[in-house]
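Following this line, the structures themselves.
After this come two complexes, each holding chain A, first together with chain B and then together with chain C.
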Partner chain A sequence: MKLLTHNMMKSHCKGVINGFPLKLTHSQIETKEIEFNPDFINRIISRLEWSALVEVANQLGVGEGLPEMLPESQQIDDEDTLKAIHHALLEVDVIEGELECPETAKATSWDRQVSDMRLNED
Partner chain B sequence: MKKRQLESLLQDVEPFSRPKMDLEQYPTDPHLAASVLFTIQSSFGDIEDRNVLDLGAGCGILSIGCVLMGAGSVTSVEIDNDAISDLVDNISGYDMDDISIVQADVTHLPFRSGRLFDTVIMNPPFGTKNNEGIDIEFIEAAL
Partner chain C sequence: MDISQSMLEIAVERETDGDLLLADIGEGVPFRAGTFDGVISISVLQWLCNADKANHNPFKRLKRFFTLLYSSMRSGGRAVFQVYPESPKQMELITEQATRCGFTGGVVVDYPNSTKAKKVFLCLFAGTPVNNLVMPQGLGSENENTVQYSNERFTGKKRKRRGEVSRKEWIQNKKQKMRSLGKDVTADSKYTGRKRKPKF
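Let's look at the complex of A and B:
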């Protein structure tokens, strides 16, 4: 699971009011090399919940180079910063772990690159 | 990339190993997939560098096609375990790292609100198998 995906997913528990972000626990990561696309990174950063990304990236030890806050314009010109964002969002792959709902603490685990987010009716 | 090239590259996507009638699982054929994706990109520029969501990804031909056409990132949503198995196998057959798979029900998408994706693609079930209205639900989910 990429951190880009983590940044978009909320809890699948029924009736939860604030299910974002999901807490990541017991995780193992791998890094891959993905082609750097600065246009894509600049487009996507305004869609992200930035503080959630910084928090989880720091938790995983891959947050180096990420600014604490985005500038007003939500555009970044510095290539090193863009590369750090690219790395955290797309190149880090959480291959194993648990995603915990912030409200109910119900956890969902995953394997084979798949996050199982089917509705939890409990 | 030319449409014919894309179509030929998509020939290697394996169809469903265990298709399920009630989920209306049928593979999108490479010719159709290539035509649709090519039109989306050439007429609207909506694939290259875009954040794409594939609803009801099945075996992944549309998702894989989007990566081949230069999408910035592709997220594939699929509910069925067997289809996901096929999807994972197909993605690794193409040696791609750009697709994120989320197992979920399209009518209960686990995404926070807001405009997260640039483009949503799908070849949805049509509601012919006791699930009338499912195609509309897919469209509503996309919006």
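Let's look at the complex of A and C:
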């Protein structure tokens, strides 16, 4: 799972008030090379929850180069920063791990590309 | 997202881009508010109408799905679902639940007269789209909004004789008919129905 996806996901358990962000535990990561597209990065950063991204990137040790806060205009011109964001969002792949809902602590696990998000309410 | 592990495994085999989620959409979708501008779904919604387990209630599942989907979409976002409804009633059920959750839009049908080529799409808008609500036009339905009606009594006296319609007209009518059935028809050109020399 890419960190870009993690940034968009939140818990859909019933009764949860704020299910974002999902806590990532027991994770193993891999990095791949993905083509860098600065336009895409500039546009996607306005859709992200920046603090959550920084937090999880630092937790995984891939957060270097990420600014603490986004500038007002939400546009970044510095190519190195853009490359660091590109790396954290798209090139890091969490291949194994668990996601925990911050309120109900329901854990979902995954393997490779597929994350098991079933609630299994019985 | 898919409920079937095997289908997801095939997706992995085919090296699909992006991340895959094994999930039951009847439980909702696990995304943050205002995330998506576009949603595509193919041959999925009709399954929400089935109750595969004892505790499944299709109404509730559809409602849960559309509620969470609506909130995960940005205002102005669009969702298109290609569905294979069992009956018009099922289509109504789905559309009703979607409207209850705040979606606008409706059903678009491609080639409504053909059993083979007919495709049903549910096109939904979350909030008001930026460049006005324009519903896509279904294919193969240009002549379907009118019905020919006349008050004349049919006496059988005005029987059409064969050959009344010119050859070229007949060919063009036939091509139009085939087009509305969704078949591949070559484009009309100056050679279509052209009069041949007598030696033909």
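Everything below uses one rule, namely that the second predicted complex is superposed on the first by the 116 of 122 C-alpha atoms of A that agree within 3 Å, B and C clash if a C-alpha of one lies under 4 Å from a C-alpha of the other, contacts with A are read in each partner's own complex, and residues count from 1 in each chain.
Quick note on the criterion: a contact is a pair of C-beta atoms (placed from the backbone, for glycine too) under 8 Å apart; a residue touches a chain by one contact, two chains touch by 3 or more.
No experiment lies behind these values; they were computed from the predicted model shown.
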**Prompt:** For the overlay on chain A, clash or fit between chain B and chain C?
**Reply:** clash
**Message:** Contact-wise, after the overlay, does A:39 reach chain B, chain C, both or neither (first, second, both, neither)?
**Reply:** first
**Request:** Could you let me know whether more residues of chain A are touched by chain B or by chain C?
**Result:** B
**Prompt:** After superposition on the shared chain, which partner residues are touched by A:49: those of chain B (first), chain C (second), both, or neither?
**Reply:** both
**Asked** When the two structures are overlaid on chain A, which partner does A:9 contact: first (chain B), second (chain C), both, or neither?
**Response** both
**Prompt:** Does the superposition put A:90 against chain B (first), chain C (second), both, or neither?
**Reply:** first
**Fill in**
Of the listed chain B stretches (6-14, 42-50 or 132-140), the one clashing with chain C is 132-140
**Request:** Share the list of chain A residues that count as touching for chain B in one structure and for chain C in the other.
**Result:** 1-2, 5, 8-12, 19-20, 47, 49, 112-119
**Asked** Okay, in this complex, where on chain B does chain A touch?
**Response** 49-51, 72-73, 75, 79, 84-85, 88, 97-98, 100-105, 108, 110-112, 114-116, 118
**Request:** In the complex, go through chain A and note every residue touching chain B.
**Result:** 1-2, 4-5, 8-12, 19-20, 32, 34, 37, 39-40, 43-44, 47, 49, 90, 93, 112-119
**Asked** chain A touches which residues of chain C in the complex?
**Response** 1, 3, 5, 8-9, 11-12, 16, 18-24, 27-32, 35, 68
**Message:** Could you list, by residue number, the parts of chain A that touch chain C in their complex?
**Reply:** 1-2, 5, 7-12, 19-20, 47, 49, 110, 112-119, 121
